[in-house]
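These notes open a run of structures that come right after.
Next come two complexes, and both contain chain A; in the first it sits with chain B, in the second with chain C.
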Partner chain A sequence: MRYGPILAAAMLGGMASAAAAQTELSLWYHGAGSANAEEALVNQLVEEFNASQSDYTVVIETFPQGAYNDAVGAAALAGKLPDILDVDGPVMPNWAWAGYMQPLGIDEAKLDGFLPGPIGRWNGEVYSVGLWDAAVAMTTRRSTLEDNGIRVPTLDAPWSLEEFNGALATLKASGKFEYPLDLGMAWTGEWYPYAFSPLLQSFGGDIVDRSTYQTAEGVLNGDEAIAFGEWWQSLFEMGYAPGTSQDAADRDTGLLNGKYAIAWNGNWAALPVVEAFGDDALFLPAPDFGNGSTIGAASWQFGVSGTSEHPDGARAFIEFALQDRWFTAFSDGTGLIPVTAAAAADTQNYKPGGALEVFYGLSEAQALVRPVTPGYLVQAKVFEKALADIANGADVADTLDAAVDEINEDIEANNGYGH
Partner chain B sequence: MALVTPDNHGLRLWTRYSVLVLVAVIFIFPLLFMAMSSLKPDQQLLSDTNSLRAFLPVGDISMQNYTDAFERAPIGVFVVNSVLITGATVLFTLFVCSLAAFSFVFLEWSGRGLIFSILLATLIIPYESIFIPLLLMVSQLPWIGTGGLEWGWLNTYRVQIIPFIADGLSIFLFVQYFKDLPRELIEASRVEGASWWTIYRRVVMPLSGPVIATAAILKFLFMYNQYLWPLMVVQAEEIRPVMVGLGYFTDQLNVPWGEVMAYLTVITIPVLAFYLSLQRVFIASVASTGVKG
Partner chain C sequence: MASKLTRSNRAGWLMALPGVGLIATFIIVPFFLAFGFSLTNQRLASPNPTEYVGFENYSDLLGMAFFTLEPERDEAGNAVVEDGEIQYPRLRKFTRNNPDYPNLQGKREWFSWQSGENRKVVLASDVVFMKALVNTVTFVLVVAPLQSALALGLALLINQKLRGISLFRAIYFMPVVVSIVVVSLLWKFIYSPGDGLLNNLLSGLTFGLWQPLDWLGNPSTALGSIILMSVWQGVGFHMVIWLAGLQTISPTLYEAAEIEGSSKWQTFRYVTWPGLRNTAVLILIVITMQAFALYAQIDVMTSGGPLDSTQVLVFQAVERGYGKQDISGGSTISVLLFLIVLAISLLQRWLTRERT
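On to the complex of A and B.
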């Protein structure tokens, strides 16, 4: 009996030392306060990883999205970055260039079969991986198109510029809608480059010259970009789309209550459309304005911080997350697109015959990531301002020239951003 | 010299009250809009902004936004943190800055004029411009805690309090006020054998209610509205203040405006309560020192 306390103490000591042997990994996540299930799923992912092995314990800190990037910047300055970072896809090159992140170093065979958007590459190396992606589509009703004699486009045969303009004119002339097209101008920020730069790319322009990433000259103010700008401005001048003063509530419900005929919107807003219109709901590919039909790609992803002292542990966590069951769980919980076909087949919405199956196909066929350059953060804001100004009546050529100057000056000021 | 007749006296009163009511309305409408909007669903909230309905509790009224806001963010934790951080900073500021001002006004020491001038010069430097060097500094500072000596103040309450205790504006306010106190009181106390500490504690501070209220309110507002600094130095949710918490209500595309208004209404309550409790002395101080706040 007298050995009992000693034995118990020894056992407790052993347990304590086992616990102490675990290396703590910090993870920062951007979605504090998010209304959907994403935060709960990230917490579940952390819990299951911690329970699955005895080497590491991941501790999560959540940040409100609006403050997240600034918090990471401040922490990097103070040398206090966490081990695992959550990063928005188009922001990753900037963080990698600034040394906030290091190459992931995972076996790329694990990424076979992934959609292109969720893989974050910079300078030939994978820095981040996402568990989901998002896609946008021309959202409308089959009956709206058929009643107005408008062809239903397909991935193989999307609308051409003439067809699309004709469809808008027809819908406007029908007098049934306040506007034939809702572009979502009530939304600001990243929505502009994410949703609208693919339209510019389809015209043949771009935000920056992707062959060198050293200039926007010729791509953001060339003939194709000016043609895009003039078309863009005409949408508002001709009353085809509500402009920058659009009511945010109309953005959410305008299509559902018949105010708009077609909405350029994402898969995250698709389920209410399906619920409202059932089989009549249509999610159509982006029009082809002459240089292919593309949509934006890349959402939030996980990566390893540049100062992590435990990159092996951080990598182990990310590899643990790269399982189809997690892709399925996140998709079912948040409505976003799973990153592999196998995971999609198990989801509620993206399985064959699922309500949102079409979005997986759109992501697979049309996704084009935003410019992969550290300068994107500045370029996105310049692009947003230029498009808003043009929508509000600014001279197209002058506005695009000014945008090019601003982007080029930033690239020069940053010595080419390491390209 | 014009005669004041009952007629033009009434007209003057009417004009004066009309102007006061107009100013009051201008100041109170934003608060009214916030409180009324917090009771409405988003769609109604946005459509009401085109009319006076925005300031009235009409339409589909409920407390749902409050329920949703409390579910979305740990509002209670944020409010307690802000009150704690703000309260501690205000108390320490009043003590440290009044002592500094006492020294500038009543004690004779060489260089005080120069140092006071330097102190005044700091008033023109925006806090935001020193945040980066301050961040680098506090991230390396030592502290003796429960676990012994530790390095770095990030992610703590103290990093949200200590850097803001001493400030030029508060010292300036105390100096201006102390200068107007009757010198005879101080001299009489010295003749009676009172120490400087006793004079500060028993004579000067009891006579300084208005300036204490003014400095406290200005500091309270500055600290309670802090956003950038806590965003940079605090990562843990459990010590996050209210303004950073506002970020819980925005994402990349959507802003739940009703919940935002509910959140703002809740976090405005401590500010209003603090101001109203000190309103009378604050106004007296503004009248006597000319502080425009």
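On to the complex of A and C.
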């Protein structure tokens, strides 16, 4: 590792003599082999930071996303964490609590005008900041709705529960689609809590009681949550949505080739829809099931590891990244949402009139972060299993009760997770 | 014997060192660690200190209760019947914060049956673990005989002096060489609902009469589908072991049997089978142990679903220990699995012992 800075500098070209005095900072990143420009952009960010000052040299190491969290956990146990960590927003409180991360110590004035999702707070301090956010929308075609006499909802007037159920019934009855709604059940893992817990919140329930974070009793198995569960189960019973055994390929292409009428999908999958349908493409807000319409917020973010010996350098790197031009570059390269309105105005897709402009509005108006607690890691898995089981026909109340018990036992086993 | 091992045997110990060292580091030490962890509340990552909790993890996994659920009664004391079904109060009334039934607190229904007007319910503290246990045992009970018999059949088929027989041997052995993860992914496509390969094939064979099944998405077919692909994948390996056993049987015995005019079946029954005795014991024990370790197929294909119909012990151990950061819970399952496999192996050894 000692030769790392020299090697890195040599790659930048002709800077080897200056590099000897520089402090090396290691950065771990989750996007190895990313399909879009994300990995190239992160590399470019590192190169420009290294060239912009002479105190630090950031050396990046990338991991495949599926193995990233495990690698960080193993490195923490072995005491070999890098200086700068890349962290998925909802996981951050767990890592902060476990000591993998330290407060960012950034001047919060630098975060003015940010969307709420990309700022990772835990125990009143900022631990991580993201360069982008993600949002989900009911993705469909204007012609599909108009042909079936379904109102096009707006941010101010989203579909209500009855309206949404009615729309699904109409689309099903039209016989033109294999399923009217594609929820993306093939995407196991974080997709479930990210995409589906906002629907539960819209019913009035939640994964855990956010006032104390000490129990899920009454919120995940209360009347509202049971109403959500019954509705959720009905989607599969009535044949409105493909279930847990959905083919992953159908998830990717089902809307485009007309198998599904509406897809509950993220903005990262929006560009192909725009390319296929042009002006006919519609990105609609989540239905309002009684308690307002919400979508999930927070994507991958940067933070400083708990064991870093050079938090100043790590902070300098993160501050360097927090510039509108990077937000714009990442948005253009990946299709994700830029975190400030100023950056959005310069992007291809989120500028006024841009193809995905609506997502910025969705993120701004509806976004709610997932429960900010170290226990989220376990709660997300419990929630995922409960939703999969209910979709497969398990008794709603019993399944939610079991999920509550498991979440509560976990909170207790961890002495309340430091809240 | 002991003195022989310790005295002037330095070269022997030196040669054994790499193997013994690796086994000690990666199997023996972790086993004792797992046993130790199972008595604590050890987490994967936590700022809280680890505490000794005794056998709490075991009672959390194995706790069970029995309960008789009486029907709802109207004012006259008769059971309420709606749509021809006797109505019962919800079990959660008794299992959730009911001070009258502290022994049911937090337990869930595992299974139940009808007894007159009443419903007899067996509750478990950890229904998922219980289902994993039952599924694992089912898997072993089906796979062990099926896979060893099939492997023996294949071994007999390819134990012939035919032109190109090594081609067949290679074909039967091929699934063993391919990584189980790759095999699982391929079978996931084969089992794909609707227009998957298997559904298409069956529909073709039955001239369209076949109704497509959601093989992995249906609780009643999921475990069977996993069993089928596991047997297909593993059978080649045991075929080779049977084959090795077959080739140790002296040809003179077969010649003698032929001269005596024994039929094919008699030759198999009285020459081949007795000659395969030790091989059979080995194969039975190896398959049993491998079947208990079922993990990769579940992880790739079903993640234990749908409705826990493919939960198995090793998957649950990993899911809890690593996924849910509960090292003590995962360790407890590992220790229980170890005890089960040990007991079964000892039993098999005893049942198949050489009788003198």
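Rule of thumb we're sticking to: the second predicted complex is superposed on the first by the 401 of 419 C-alpha atoms of A that agree within 3 Å, B and C clash if a C-alpha of one lies under 4 Å from a C-alpha of the other, contacts with A are read in each partner's own complex, and residues count from 1 in each chain.
The rule is short, and it goes like this: a residue touches a chain if its C-beta (ideal position, glycine included) is under 8 Å from a C-beta of that chain, and two chains touch if they have at least 3 such contacts.
As the structure is a computational prediction, the values presented were derived from the model and not from experiment.
In the three-chain model built by superposing on chain A, chain B clashes with chain C. Once the two complexes are laid over each other on the shared chain, residue contacts for A:Asp389 go to chain C alone; chain B is not touched. Using the contact criterion defined above for the overlaid structures, shared-chain residue A:Ser245 touches chain C, although it does not reach chain B.
Look at A:Leu77: by the touch rule set out above, it reaches both chain B and chain C. By the touch criterion stated above, A:Leu377 is placed in contact with chain C alone, chain B being left untouched.
Within the superposed three-chain model, A:Ala51 lies out of touch with both chain B and chain C [touch as defined at top].
By the document's definition of touching, neither partner reaches A:Ala109: not chain B, not chain C.
Applying the stated contact rule after C-alpha superposition, one finds that A:Ala98 touches chain C and leaves chain B untouched.
Across the options 80-88, 98-106, 134-142 or 152-160, chain B meets chain C in a clash only at 98-106, per the superposition defined above. Residues 70, 77, 247 of chain A touch chain B in one complex and chain C in the other.
Residues of chain A touching chain C in their complex: 70, 73, 76-77, 94, 97-100, 188, 243-245, 247, 377-378, 381, 385, 388-389, 392-394, 397-398, 401-402, 405, 409-410, 413-415, 418. Interface of chain A with chain B (complex): residues 28, 31-35, 61-67, 70-71, 74-75, 77-80, 82, 187, 189-191, 247-249, 252-253. Note for the complex: chain B touches chain A at residues 42-43, 46-47, 72-73, 132, 135-136, 139, 152, 154, 228, 231-233, 235-237, 244-257. By the touch rule above, chain C contacts chain A in their complex via residues 41, 43-48, 90-92, 95-96, 106, 108-109, 127, 192-194, 214, 216-217, 219, 303, 305-308, 319, 322-326.
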